[in-house]
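The same chain A turns up in both complexes below, where it pairs with chain B and then with chain C.
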Partner chain A sequence: MKRVLLFVMLALLVMSGLVFGENLQRYEDVEGTVNLKFYYVVGVAGALATVIDGMVDEFNRSHAKIEVEPVYCGNYNDTMTKVQTAVLSGNPPDVFVVEISELYTLLGIDGIIPLDKYIEMDGGVEFTGQYFSALYDNARADGQIWGQPFQRSTPILYWNKDLFAKHAKELESQGLDPTRAPRTWFELEKYAEILTEREGSKTNVWGCILPGGWNDWIFESFVYQNGGMLISADAETSGFGSLEVLQALTFWHKLTNELKVSPPLRPWNQTPLDFAGGHAAMMYYSTGGLPLIRAQANFDFAVAFQPMQIQYGVPVGGGDFHISKDIPPENQDAAWEFIKFMTSPEMAAQWSRESGYICINKLGLDLPEMKSYLEEYPNASLAAQQLTYSYSKIMAPNFQEIRKLFVVNLDAMMQGLQSPQETQERLHVGVQLILDEY
Partner chain B sequence: MLVVVSNTTVEFCHHACLVLSDGLSYSKLHGGGVTTVYKTKRRYLTIFICLLPSLVFLGIFTYYPIVDALHLSLYKSNAFTPQPIFQWFDNYVRFFGNPIFWEVVTNNVIFAVGTIFPTMLLALFFAILVNEVKLKSPFRLALFYPLLVPYAAAAMVWVFMYDPSLGPINKLLGIFGIHSIGWLGDQRYSLLAIMLMTVWKNVGYYMLIYLAGLQNVPAELYDAARTDGANWFLKHLHVTLPLLGPSTLFVFVVSIIQSFKVFTQIYLMTEGGPGYSSNVLIYYTYEYAFKFWQLGRASALTSIMILILLFLVLIVFGVFGRRITYQAG
Partner chain C sequence: MFIRKTDAGNWIRYSILVVTSLIMLFPFYLMIIMAFKDPKSILAGGYLAPSLEPTVSNFVRVFEAASFLTYLENTVLVVTGILLLQLLLIIPAAYVFARLKFRGSGLLFIVYVIQIMLPLEALILPNYRIMNSFGLINTRIAMILPFVGSGYCAFLLRQAFRQVPQSLEDSAIIDGCGHLRFIWSVLLPLSKPTLIVFSLISVATHWNDYLWPLIVTDSNRVRTLTIGLGMFVQHESGADWGMLMAATLFISLPLILLFVVLQRRFIESFLTSGLKG
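Take a look at the complex of A and B:
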């Protein structure tokens, strides 16, 4: 019996060694270098993971005392799931990027620290002044700043100039200019109808793709363009019951189900490939799709502001940097160094050139390589210009649950399974229920 | 953790089956009071000691989490309530009043019925065929290989197979004049698409079990059947099928369990969508647990699943377990 006991205790000892070994290692290393785990996300089609890894390498080379390990976590949903799980199980990444609407959830799980003290140390308003101020709106809560803008975008309208030229006569006969993109919903509908090419029951070219996957985000633009809002700023009341939302839903229903100028449900990552392959005359997509289209499209294309109804309007989008709460202070300091590096004028400009995202740091726009790039590709500066008309994206506690409801109902309507009225009813009631719970 | 709980739930049922069926055969073999009380006691002690290590692991990784999940399902517990609030059966009541929950349950039932029976029939059919043809190994290999492909890889292959424009399935259907079925992107077909893939993936495994069972069927019985003038179909109906009873019971129970464990292909191919059209209980639980971090809700779902599975497995053993012929003759 004693032997058995001895054996069991030995086994436990060995096992605990395995479990705690990693942690011991981590604290030993603090003397020399600080190791940071960085969870990041790629939210659009394309090979952006390699770009991030490259930037992290550059950071590691230039900072001897800090070693950042980048961990690719998939799309925005996957990444948030991983971050949530890691934080709540007590093993958070040191620094991470998640979608901006998740801020309240991050605060709810008490996972992040405010960045104000770091910002103050680095010059306060002078520091934040480098960045487009509209991008901080989604990072603010309770009078503090909790995130640092990084991969930020607005959804824009891409249009295929060659297809517009091909249908120039028809467009002109309707009084539409074939050399520019539509500027209003009314025009959008007309352009899309003319530009859709059908062969029997088969559609060869879609007039304008309203993509699935992030249709909630694109749809939010339409609500702003119609003068409405989705959730009140205090995240307590649903705005889905308004006439503005119903009109926007009806317009989407018309484009997808009555006129059939947009496919009912195109996967998010498939949409830019459709456009680049010439299967769509226009598409709504994140500005992060630019490099892929530039690389693959063998036609002339341009980007434009999203058409307006009563006003121009888009929600900002993308992801911000956050620093975890339950990590050693030296890791938090190191994480801030890393964030500053990644959003410095040089890095922001490089990131913008390679990813198509907005060059969040205004100083980056003055760099010579950025200037010559923007001269060559004027399309690349449009998303930043559109910021003039931007709103902060909807934010609410447990945004994932709201987003799921939102997307599922939009999908069902786009597929013709429920009317705009039913969709509105379900969203309004469902969203209010979720908001009431917190 | 909750998926682990759900999975271990399933494992638990699996163990229950094995222990039960062991018990059955044990009592059959050793029944009749031949052994003395002393010997019986000693034998049970030996068995108990041998089973002890797995009991410990089951206790830690299965029974404790089950009890914990049942307990947590009575609380409001999510990311925003650090201190769980006791609320009786509120989580259950909310689900029972939620049409989406019932849609998910219905999907799971459709999935179970629609995969278990085709899989079993096909597996039996292929096993008999493979047993009778001359060149056994190439056929066995062909039917068995889907099992060797990891689920994740198989799912990606099928995503391509189902692609509306590039996929071979739609190209094939195009020859017959059927166009553009959006297999995974269409509410009407997404669940069917997952079911087809699952049947393809599992048939080989069950075929192998049946094939093993077939080896135990004495050849004399077939000779006797032939003498009686039975044709191929009758021979298998009256000789093979009854003698494959234990294999069938095993296959049936395991496939019931499998049909509630279906996760990888749904996670990778449809994420339960479009809408909730291909969402099943375990994926729904995953969403509540890891996406929405609604631990109380997710525990309630887990508990519901535990009850459903226990109920099903008990029925199967109650109804079929007694009628199984364990030995020829």
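Take a look at the complex of A and C:
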């Protein structure tokens, strides 16, 4: 009996220890200080959580009346789950970053406020003019601006200069310049064919990797380059049925299944490692991969605009800041102060250097430390230049469903399980159904 | 172990065992060698061979990037908290379901264990709301409470308790045992294998919980190891394998050690239980 008691006591002890422990550690509110919870997502490699924590610390040091607590929330999907759960349970974070395509879902749960009044107060167009204007396209709905760009990227073409030089003769014999990346789809195909190195049935070096995982995002580029669009701006009509989409699908099918210059489905995470390891001459990848490649590749590489068909084109990607609706007005005001700080020229430039994301604030590019950085790594500025040709990423209510359908069908086609025509048919019908449902 | 070398059956048996063990051990081998490799040499090829110049730089970077010792402390607290409360609650419950007859006991049991069918993801929102209404968001208790009434544990223990013969209960009652004394002195010793199996499963499961702790906690001071590990598994760009493996090694080591230490008792308990049946 004594041992029973002992066991019960032990359990109670642990429990009460926990309870008291929690109480002792609760934050003490300092009079007059606004405490903000900031949910952030980490979407790129390296210890970016530490970078964010450092930036937040700097904000807290320079703003006596506001105390921001940064909360790491995992990847884009986990972060969205956490934000949704918290908002729906009446315990929203004050300010958060989620993936840009989630805007309609955020509006659907009535979780965020428009930022127009703050932007107006800070100079309106003068304020937004600091930023690359293409970045606001995904923050707009119902004539208002709901988000402030933060960690933004575009897919870009990476190429291995050493491998290009290795095949210089063959490239030149085809009239291709080995010192630059392909500029058109036609050239891309030719370069990729020559650069692929095979040994029997084994491919040692892939010509150009079209990665899986976020292949929907990469594919979107190809549709823009071909002059098409995937979903109408009012999010009502699917554009998947067009000839432009079919041509893009056919081109992908050719690269992966006929010419076999791209592996059928390379995991997103693995692709930069293949490239950094010299197993791919080119890859389509987020600009967010730059720091990792820079750190791990022991060869000369560069990035280039994605090759065009009839025009250059690329969708933007990444995450924006949002301010929650059901929080006190003073918290919303403080959250705006915080957002302004995080997207100021200095912070945007620092964030870009450490993460590989675009320096969203144009004024940040003129800072001396950024200038010397861009001189050292000219690759980093190319991503910003490509923004001239950028489009907003597709947005729609129930975006997660559309994305799932999109990825599943692209995967099947890349693996050779269905033809481009079947893929187009399934996507067009499926996407229209999801859009009609809303 | 090679006494009867001529016995072909033994050879086959051992080779199957050796091959299976190698397959099982291979991921651990990769994890360990990659954790000690310099990030550039991981990609350089020959990734199956251990590094000739082992480095602890990955571990240094991991510990710089996140407060893993706090995470470890929290994980241990949460996991033991869950296990102790589970045992405290479920042992009496399983006893009632197994040995006491009352109207509706069967139905009640079914309702109770139905929770095994519900995936955690479906319960995130209701659980979060309950924790929120108790003011427990961002506490270690919130990571413990949803799991203490484990239906799985109730099911396992009930089955184990039912196997104890009625005659043992009768003689215990004649000797003057009450409910609690009977549970403690008769049922639990006889159900040791089940208790150990369940404890291991519970500890391993909750040691590896990710989504719920991520959602219900905000601050580093209450967060657990898996969340720390999550910081190194990346989506928009490639993973830093050296750091990832160093962190994984640190996180899984306590569990592996626990299992190695308990292994003998774990297997013994199965053997002796056979004799008692």
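The criterion applied here is as follows: the second predicted complex is superposed on the first by the 404 of 438 C-alpha atoms of A that agree within 3 Å, B and C clash if a C-alpha of one lies under 4 Å from a C-alpha of the other, contacts with A are read in each partner's own complex, and residues count from 1 in each chain.
In this text, contacts are C-beta pairs under 8 Å (C-beta built on N, C-alpha and C of every residue); 3 or more make two chains touch, one makes a residue touch a chain.
What you are looking at is a predicted structure, and each value in this text was computed from that prediction instead of being measured.
Once the two complexes are overlaid on the shared chain, A:A295 sits against chain C while remaining clear of chain B. Using the contact criterion defined above for the overlaid structures, shared-chain residue A:T85 touches chain B and also reaches chain C. When the shared chain is aligned, chain C comes close enough to touch A:P272, but chain B does not. Looking at the shared chain after the overlay, A:Y76 reaches chain C, while chain B stays out of its contact range. In the superposition on chain A, contact is made by A:E401 with chain B only, not with chain C.
Of the two partner chains placed by the overlay, neither chain B nor chain C lies in contact with A:I310. Partner contacting the larger number of chain A residues, of chain B and chain C: C.
Shared interface residues of chain A, touching chain B in one complex and chain C in the other, are 81, 85, 88. Residues of chain C that touch chain A in their complex: 39-40, 43-45, 61, 64-66, 77, 80-81, 84-85, 87-88, 124-125, 128-129, 132, 137, 139-141, 144, 180-181, 184, 211, 214-215, 218-219, 221-222, 227, 230-241, 243.
Residue ranges of chain A in contact with chain C, taken from their complex: 1, 3-4, 7-8, 10-11, 14-15, 18-19, 21-22, 25, 37, 42-47, 49-50, 69, 71-76, 78, 81-82, 85-86, 88-91, 153, 213-214, 268-273, 276-277, 285-286, 288-289, 291-292, 295-296, 298, 318, 356. Contact residues of chain A toward chain B in the complex are 77, 80-81, 84-85, 88, 105, 108-110, 201-202, 265, 267, 397-398, 400-401, 404, 408, 411-412, 415, 417, 438.
Interface of chain B with chain A (complex): residues 78-80, 82, 179-180, 182, 185-187, 273-276, 287, 290-294.
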